[in-house]
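Same chain, two partners: chain A is paired with chain B first, then with chain C.
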Partner chain A sequence: MSFYTIPFILFFVGFFFVYWFVCNRSLKLQNLLLLAGSYVFYAWFDWRFLFLLMGSTLLTFVLGIGIENAEATGRKKALLATGVLVNVAVLLYFKYTNFFISSFVALLAHFNINPGLHLLDLVLPLGISFYTFRLLSYLYDVKNGKIKPVKDGVVFASYVAFFPSMIAGPIDRTKTLVPQLEKPRVFNYDMASDGMRQILWGLFKKVVVADNCAKIASDVFDNPAFHGPVLIAGAFFFTIQMYADFSGYSDMAIGIAKLLGFNITRNFNYPYFSQNIAEFWRKWHISLTTWLTDYVFTPLSISFRNIGNAGLCIAIVLTFLVSGLWHGANWTFVVWGFLHGCYFIPLILKGKMNKKKEIPADRYMPTFKEFRNILGTFLLVMFTLVIFKAESLAYAGSYFHRLFILQGASPHIMTSKWAVVMLFIVGMFAIEWMNRAKQHPFENLQIRLPRLGRWAVYNAFFILIILYTGQAPQFIYAKF
Partner chain B sequence: MEKNEILKIVNDIFVDVLDNENIKLTDETTASDVEEWDSLNHIQLVVAVEKKFKIRFKSDEIRSWQNIGQMVSSIQTKL
Partner chain C sequence: MKRFVTSFIVFILPFLVLGIVAELLLQKIPNDYRYKSQYLDKHAKDLQVLVVGSSHAAYGIDPAYFHLRGFNACYGSQTYDLDMAILKKYDAHLDNLKYIIVPVDYPSLYSRLQDGIEGWRIKNYEIYYGLNPNNNFLPTYEMLTTKTALNLYRIYIYYVGHVANLTCSPLGWGTDYNATDHTEMIISGRAAAKRHTVTDTKYLSSSTQLLKDMVALAAAHHARVIFVTMPAYNSYTKYLDPRQLNEMVNTVNSIVANAPNALYCNMLIDSSFTIDDFHDADHMNRTGAEKMSKKLDSIITADSKQN
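Moving on, here comes the complex of A and B:
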């Protein structure tokens, strides 16, 4: 039940009216409805895993209160460890068992040993990577005294299962979402209309830009006969697809939350305008980056602080290895994460990690040097994404190898469709560049444009969406 | 040592590490109040503080600080 399918729209319209016009008298009732709605939404995909979600939620809820009530530090630590172990074990089991088995079998095969292990028939529970991270950060924050445990079970369960950000984030922290769940929500027309505009922009990025790029990117990636510049084009279209798909999804999730009166975490801040890799990661999948910074990088950098810059380098590479593995159980993701971690090393050594050099929002164009940095960062991200997209390291290797074969014609693939898609891409980036100081390009459109102009914009985008909807069934990040 | 004196020394360390003369720390200052102070150079600040005062913090302690005042209190207990 993706956000822009008929079943979801029907579900949401019904939900919206009951939420604001029937349940609005009681906060308790509104939260109960939100929880019921979130569970229905989750069960729609696969009802069996609803029980897993409920079990993890209940355990974490009880442990949170237990940690608060425990007097001795040792007991607090033991309760935290229990929660972390169980939640991580569930995630590892569903997501990584087959990866471990196949890697182990492959390793033994080098020594001509066949351990006779077989892969398990496992389905990845939807959103598990996202909600597990919410549960883990909750337990750590309670244990470290950063937050008080949530005492209301309905509030806690709604926080974990909050349907707008259930399938693919943003990974909201307790202190962002729970206070909003605890106080009455009053319908705010401006917030709701801002949400609608953000959904429209997200929808455009997802169905017009990402899904059309997806078709081209998979045509190029799936055909081993291609070589030369076509492969650069394939990597380019996939790089655009990744951004438009995931940031488009995030915009829709944030917009839907706004329609229900919630401000959730921003996930993207125009990352492809970044001038170095550190800035890129501050602006790409922000909720994951800040999560990894707080719970992986910071503890590691504290442990390694005696060895100076080397400690920082080790901490950052390990953090990105975790990030890679989080994305999926495949060596391609591990290598992708490892490379991104390594890209930080020159910045750490040069001390350029924290130098903020944002391009002022009122400036029309970047300078030549800024443009060169933006392009360089983009190309680095783009070529590394080839490994992310490839189904195996061997395939990624062959992709790079074929990229350098310049003789002989590649099979014909470029069509006039490519030009149209390029036009959408340029349009998307131009609009985002001009609005890069805003949360999303349509923010405050009601102030910036008269009613007639606004409706012209909405209609133009509706028409584009109807005419050019590409075909890609699901969000990339819903797999993770 | 008085808290005020410690705060003054910590302020000098921040000015030095973050390379910004205009930093004026108070007990309530947090990372979001100082533009250059982020999670990546946070640890460099901690190391500089440890060196200057010749003390050693525990990991849990470093992670529990919510503002400069709490960091200063931590330093004071170790002197």
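Moving on, here comes the complex of A and C:
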């Protein structure tokens, strides 16, 4: 039940009316409906894993209260450890068991040993990486006294399973979502209209840009006969696909949440306009980056603080290794994370990691230097995304090897369709560049354009979306 | 809230109306699925030979060469679950059925339409046959399963260009595989063999059961089943995995051994078929289909004399 399928639209329209017309007088009822709706939404994908989600939620809820009530620090730590161990063990089991088995078997094969281990027939529960991180940060924050434990089970379960951001984030923190769940929600026309506009922009990015790029990227990546410029183009289209797909999903999730009266965490801030890798990570998958900063990087950098910049370098590389593994159980993700960690080292050594050099929003064009920095950062990201997309490190190696073979570059696959897709990409970036100070390009459109102009924009984008929609929708990050 | 709902309805309504009109227009455009289901609705009771299966039989068996009244109900990538669904749909009407021809080809025991790249075809069974192979609780529509740009193009070429999308003969045989240039045969054979060689055998047992069910369905009509492995060119056959090939042959042989109303004809490497009989390495052209259909007709004639 992806966001732009008929079952979801029917589900949401029904949900929206009951939520605002039937349950609007009682906060308890609204939260109960939100929880029931979230569980229906989750069970739609695979009902068996609903029990896993409920179990993890219940355990974390009880442990959160237990931590608060425990007086001895040791007991608090023990309860936290229990919650972390159980939640991480579930994640490890479903996501990484086969990775560990296959890596172990491959390692022993080098010594001609066959341990007789077989891969398990496991299905990854949808959204497990996202909700596990929510649960872990909740426990840590309660234990460290940053937040009070949630006493209302329905509120807590609604926070964990909140359906707009359940499948692929943003990873909302307790302090962002729970206070909103605890206070009455009143329908706000401006907020709901803004939500609709953000959904429209997200849909455009996903359906028109990402899905068209996906087709080209897959054609290039799946064909080992291509060389040279075609492979550069394939990597370029995948880099755009990743952004348009994931940020498009996030825009839709945020827009849907706004329709229900919630402001959830912003996940993207035009990352491809970044001038260095640190800025890129402040603007890409923001909710994961801040999570990793708070719960992995900061504790690690404190542990290594005695060894100065070297400690920072180690902490950042380790943090990105965790980020890589979070994305998937494959060595390609580990190497992807490792490279991103390494990208930070020159910035740390030059003391530029935390320096912000935003291009002023009122500036029409970047300077040559800024453009060079933006392009350089984009190319660094593009390079690692080849590894991210490759099915194995060997395939990524072969991709890079073929990239430098210029003879027989198979330009025949570069059809006029590519030009049309390029037009969409340029259009998307031009609109985002001009609106980079806003949360999304259609923000405050009611102030900036007269009604007729606004409706012309809505219709033009909606027609583009309709023309390009129709194939099985899938979001890249939904599989993480 | 009232303002929000009104604005939304005003915005969406024209698109909804246009979508419904487009859907109605699309469903009226003739296509092979629509034609074949309408033919079966009308003539199932008169049919004596019914051919089911995928593109190998769709292009390789022309019932016009049969002495008995036959019809080809095959489509590209049609798998046994869908063959069975079609047979079940018309089961009560097949009063004169004497033979069901079921191709058993190299990949057919191991696949389901919805799993492959041709999965988009499933909607045709739902829209034009009224079947529901995926057990969807919502009905399927052309506008919701195909890119709108393509749908608008289909509407344009049919209603403005007056070009129909029918690619089968009146008796269901596929007419658009007529390549005479065989330069691609070598490459396409190897690629097709690779594509058809499987590692996942999860459908083997259910496919076997479906073949047995077809035999039982035929028996209920006092009809017989002819399992046939369609001919293919050696640029395809030489790349086939012997293990998978043996498994296929053994499976069919074991079914036939226990079913008095079934027989098996393996024509995969029949030397009477030459390069001129093929459209590509694993599909026949008009000449090949004529030769194949005549061979099948003589098998049917001989078999009906014996039984």
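Quick notes on this one:
Keep in mind that, in the parts below, the second predicted complex is superposed on the first by the 475 of 480 C-alpha atoms of A that agree within 3 Å, B and C clash if a C-alpha of one lies under 4 Å from a C-alpha of the other, contacts with A are read in each partner's own complex, and residues count from 1 in each chain.
In this section, a contact is a pair of C-beta atoms (placed from the backbone, for glycine too) under 8 Å apart; a residue touches a chain by one contact, two chains touch by 3 or more.
Quick caveat: nothing in here was measured; it's all calculated off a predicted structure.
Touch criterion met: A:187 reaches chain C, while chain B stays clear of it.
By the touch criterion stated above, A:218 is placed in contact with neither chain B nor chain C. Once the two complexes are overlaid on the shared chain, A:144 sits against chain B while remaining clear of chain C. In the overlay built on the shared chain, the residue A:469 is in contact with chain C alone; chain B does not reach it. Legend: residue contacts after superposition of the two complexes on their common chain; A:103 is shown touching neither chain B nor chain C. When the two structures are aligned on the shared chain, A:455 is found in touch with chain C, with no touch to chain B.
Contact residues of chain A toward chain C in the complex are 6-7, 10, 20, 187, 189, 192-193, 196, 455, 458-459, 462, 466-472. Residues 144-146, 278, 293-294, 297-299, 301-303, 305-306, 308, 311-312, 353-354, 356 of chain A touch chain B in their complex. By the touch rule above, chain C contacts chain A in their complex via residues 1, 3-4, 7-8, 11, 15, 119-120, 138, 143-152.
Residue ranges of chain B in contact with chain A, taken from their complex: 35-36, 38-43, 46-47, 59-60, 62-64, 66.
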